[in-house]
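One structure, as structure tokens, below. Some questions next.
Per-chain residue numbering starts at 1, and chain names A, B, C and D are given in the order in which the chains are listed.
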Amino acid sequence: MDTATIIAVDGLVYASWLFIVSAGLTFIFGVLRILNIAHGSIYALGAYMGAYLGNAFLGGRYPGALSYVILLVSAPLVGVLVGPVLERIFLRHIYDKDEVVGLLTTFALFLILEDGIKLVWGIDPYFIDTPFSLLGNIPIAGISYAVYPFVQTGIAIVIGTGLWLLINRTRFGRQVTSVIADREISVAMGINVARINTVAFTIGAFLAALGGAFAAPMISVEPGMGIEVIVPAFAVVAIGGLGSIGGAALGCILVGVLRAAAVHFFPELEMLVIYVLMFVVLVFRPQGFFGAVRLRRI
Amino acid sequence: MAAILEIRNLTKRFGMVLAVDNLVLEIAEGETVGIIGTNGSGKTTFLNLVTGYILPTVGTIRFEGVDITGLSPKQVTTRGIARSFQNPQLFTGLTAMENTLIAIAGRAGQAWDGWQPLKRRVWREEAADILDRLGLGDVAEQTVSSLSEGGRKLLDVALSLVLRPSLLLMDEPTSGVSVKDKFDVMDRVLRALDETRVTTVFIEHDMEIIERYAQRALAFDGGRVIADGTVDAILADPVVRESVLGAA
Amino acid sequence: MMAGGAGTPRLGIVAIGVLILLIFVAIPLFFSQWVVFLVTIALAKAMVVLGVVLLLRGGLISFGHGLYFAAGGYAVGFAMRFLQVQDLVLLVALAMIAGTVMAALLGLLLRRYRGIFFAMLSLAVSMILYTLLLKFYSLTGGTDGMSIHAFTVFGVRPAAGTTRQVLYYAVFALSLGVLYLGHRFAASPLGYFMKALRDNEIRIEYVGASIAQPIYFSYVFSGALGGLGGGLSALSVGQISPEAAYWTTSGDFVFVAIFGGAQSIFAPFLGSVVFEFVKNYSVKFSPDAWQMTLGAVLLLIIFFLPDGLWSFKDAASRLWARWRRS
Amino acid sequence: MKTEMRWHRFYGALALLTLVVFAVVLSVPRDAAMAAAKPERLKIAIVQFLSGAGAPHDASAVNTAKLLAEKINADGGIDGVKLKLLIVDEAGSTADKVTEFRRLVQDEKVDAVIGYTSSSHCLAVAPVADELKTLTISAICANYRLFEQGKYKYMFRTSAHAVSENVSAALYVLQMKPDLKTIAGLNYDYAYGRDSWEIFKRTILKLKPDVKVVGELWVKFLAGNYSAEISKLLSVKPDVIHSVNWGAGLTALIKQGKTRGLFDKSLVVFTTGLLSQAKALPKGVAFSGRGYHLQFSDPRKNPGNRAFLEAYKAKFGKMPDYTGTYMAQAILGLKAAVERAVRIKGGAWPTTEEIIAAFESSGYDTPRGPVFIRADHQAITDSMWGLTSGKIDPVFGYPVLEKMRVFPAVQVNTPLGMKTLDWIDSWPSRK
């Protein structure tokens, strides 16, 4: 019984962390039809920004609670600084091109950002411990858990519902949906598709940065952290269905729980789980759990 | 005359809409049949059903006495039914010649051959011949994207002709072709057909075309055949005049 | 020289061909050994890239071709370690077979997929292989990989110091073979059906052909090229490790495919050689920002040479034509 | 007619070209054997991670290389020959590293190559070093198979490797917890992790056969989320947890483990930590066969180490990590070998082969203490373990370790010519 609880909790913790990132990835794909490899770098940027501002402003002179504000601020900061720039300068030229062009452009941006981060922040690790240490730990099912990861869970839930409301309850959302459905017609309907694209990508970038910023307190912010997150995020997005927020959530939870179970029962399988799951899902349901099937017209 | 195509109670329903409604129809071998009807009267849906692009809700399609209901377009095509499209379906990145050669390779079942050249002499001659007959000889080496609308139409027909079908279905072969060219286009197509007396069914809005080329005409309305007979009879038919020709 | 290359003057092409041939033959005599090695690697990888390109023409992005690269490499590694196979010819054959067999199996599955789904599934498969290679430590040596030691050619061990040249000429000769195969492929119905596939799947069914069939056969061929390239590069590097199957390796192949261009079967070879030099020199001249340099180069290509380096060839032949007219 | 003309012209051109080719070929000078004339400077390539996840780990190594090169040159160089460093990024695929090694030797014309943190890079480069007859010193990589399975003439390793680290770790653990019942491993899933755990486990089980292995966890290289792994370890409560994780993954493990009391329940053993990570650790964690060398040859007793640390602090504003001391072992090793060769040759400048001969079976002193290079080109050094105390050294700012134990090189290194696992199995097991 306890083991089941533990696996569930660990799965949830992993899923929360992964969802914040993959939500942005799948949202960007849904609107822009681009699988954004640079997403990992933006995640890293968020972490760096969080840790950097944290170190800059938190010389112990401020109350620790402020550190959460800093994390919350740094994400939109990165989103607004990076999102529009990348989208306006590079991505807007490639919407009409093949998917491979999108992949490669973002791959190039990924390479550039990786070194860019290094040139700005150097190679020494950055830390922002306060948000993590401040919350201490709680006992669950007989073992002790850090409280902080559940903050991530909270954020993940907020993001999930937020995106859902944004898409289903706002005018912007309706425009986005029609752009997803059919670009040409949307243009004809007088929707400013260019604006939608920019905003959508910025939101995606913001989410990536948010994921990074709130991961920062649990890890060491240093070079190479961007590349680690890309493939897992891709996998869950593929599992859930490209462009589907709910799908991403489901994918994250599946991966999280299976991974935790593997760690407890078959540690050797831990690394395999995510790819095998992705493989199996794609074989039996190519469009993923909630992915839309694109139909061919004469 | 033996029927080459027999349609029995063919029905296709898209949600609420009855696109084709309990169609019963026979096409005899060697006939040239023109189909008229307003937009949404089910003409194109009928072609899509016969060629297996969509599955009927109810009904059977028999071709040369064999039931072909539910076969894929590939299977239907290999059995000898070829079709052309209202808006041409071509390999836009390739030249007219290459398009035709691909169709020939398809007919020959050579799609998997990665060794022999596609542009082998036999096939090139055959393709050149058909393109000439359709008057596309001098644009053979142009890429599809650079062809005129009429040219695309003809090429689309060419791709179906090289399949050596026993039944040819054409979807508005002259739509989008300028008024002065339209007869020219049809003449070329039918001349190309002359040697091999192919049973031909073509959808057409243009009554002049129907009058001039069809031996028999079908009037579609609301997914059913409301009139079937010689062209003059159909064009005289008051119902047809009212519903299809809009009481011209 | 490619099908459809009619129009450009035959003689010019022959001359250029012979010239390039001479240059490649002469490389080991003129250039420093590291250049010889670099070109060897580049040609070996170019074979894999050609495989990627042939699929790209059909609109299929293989983001997992590292799988076949690794398959070839490990085929060589295993053959040397467990079967004591020493001979270059045999090893290369085994590598190619390994790639072919894997592609023949996975193709049965992948032929049903298009576009981004094809990309993702191939990625998943290659990452599974990556993890397995790393897991079966006792067999594969895990991340440290397997070392691939000296080889013989038809039972003869190359004289000390000439190994590199032997390997170079072997790879060069095989490249010519691969180019010929690729040329036949591109000019064959299969090659054209791949192009057609990208343009209009529906019509393919309406000329009585299946869509899955051309995809499958192209995929198998492309897998064979992957295995061949993998085996050769493992032989020249002297080491094969799981990173060969990692997604970034596959990414590089797609990268080079676009870098060189998908227009011609020669483009991957041009692209691969140039890319290796760009990579090494960006490491040499900007050791702290070489990734940035690579990224910038790729962006420039994407935005200003969408058809890759091969666009230069068209420009050149246009100039040549003008020169002939004047 | 006209084409005929052109064909003639074409064949003419072709013939001419072929002539030119042969002319050049014949005029190309065959590269002569390495002349032993005294060079005006020694060009040394330093290959360490400058980008990617390895960069922070290798930073001290790169700094130390710069520092020592400056110092040596300031003191007049090695036998009057100044050093010139060429610093290269190790990030990239094995194929890239091999190509690059060849470029360094044949294009940059370096006299020696020092570096390599990744074991796969070490293994791939070693045979190439022999092929190109270039003295190559592996400064950091830890795969014990390098010289146990391979035999190389031009490749050396001046640092300890997985065997001494983990054998000493096991011995230390048995001293600290003589009555331990259960052990578990939490390691990166790659060669170094697998080797290290195998050696540690084997040693423990050999010396205390009744010990149970209650968990063998493998995590993705540099993985950052340990929630499930820590839960597993907390629920099986092993007496000892062994981990060779390093870099970002280790920092994450420490942070996430600390709040959850991982270090209170079990004696945790880290073989490969950096200073920042040692500082982050709570009291009572075993640290670190590889990554900790302050009290090992205490700067208060060893002026050499003190000088090194102070110079480093002065130049870079902080203390070096273990990669710094490892790099020092490599560069000072080269220095010692060249100087020895010069002495042997009575002042004349030695060839690479003579330097190698002088390097083999030689010993020299480093900030970390004496290093001895065996005939198989593997350095053996003493190993040291201690427990974190939570205290910081007032002068040098290092975290202070307590319950220090030093394990002499001979005790923790596989004897020459023996296979490590056989060696461990050959020990008499204690009852």
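We take it that a residue touches a chain if its C-beta (ideal position, glycine included) is under 8 Å from a C-beta of that chain, and two chains touch if they have at least 3 such contacts.
Given the structure is predicted, the values throughout are model-derived calculations rather than measurements.
Treating subunit B as absent, figure out whether the rest stays one piece or breaks into groups, and list them.
Contact components excluding subunit B, positions unchanged: one piece.
Taking each chain's centre as the average of its Cα atoms, which chain lies closest to the overall Cα centroid?
C
Taking each chain's centre as the mean position of its Cα atoms, how many Å separate subunit A from subunit C?
Centre-to-centre distance between subunit A and subunit C: 33 Å.
How many angstrom lie between the centres of subunit B and subunit D, each centre taken as the mean Cα position?
74
Can you give the whole-Å distance between the Cα centres of subunit B and subunit C?
Those two chain centres are 43 Å apart.
Roughly how far is subunit C from subunit D, centre to centre by C-alpha average, rounded to an integer in Å?
Distance between chain centres, rounded to whole Å: 34 Å.
Which residue numbers or ranges of subunit D touch two or more of the other chains?
Within subunit D, the residues that touch at least two other chains are 50-51, 189.
For subunit B, what residues touch not just one other chain but two or more?
53, 89
Residues of subunit A that contact two or more other chains, please.
In subunit A, the residues touching two or more other chains are 114-115, 118, 227, 268, 271, 298.
Touching subunit C in the complex: which residues of subunit B?
51, 53, 72-74, 77-78, 82-83, 89-94, 98, 101-103, 105-107, 109-119, 159-160, 163
Show which residues of subunit A lie in contact with subunit C when the two form their complex.
Its residues touching subunit C are 35, 90, 93-94, 97-101, 103-105, 107-112, 114-116, 118-119, 227, 231, 234-235, 238, 242, 268, 271-272, 275-276, 278-279, 282-283, 286-287, 296, 298.
Under the touch definition given earlier, write down the residues of subunit C that touch subunit A in their complex.
Contacts found on subunit C: 56, 59, 61, 63, 109, 112-113, 115-117, 119-121, 123-125, 127-128, 131-132, 134-135, 201-202, 247-248, 251, 254-255, 258, 288-292, 294-296, 298-299, 302-303, 306.
In their shared complex, at which residues does subunit C touch subunit B?
The touching residues are 3, 184-185, 187-193, 195-196, 198-200, 202-210, 213-214, 217-218, 221.
Contact residues on subunit C for subunit D in the complex?
The touching residues are 11, 14-15, 18-19, 22, 26, 29-30, 32-34, 37-38, 41, 134-135, 137, 141-145, 147, 149, 163, 233, 237-239, 241, 243-244, 249, 276, 279-280, 283-284, 287-288, 290-291.
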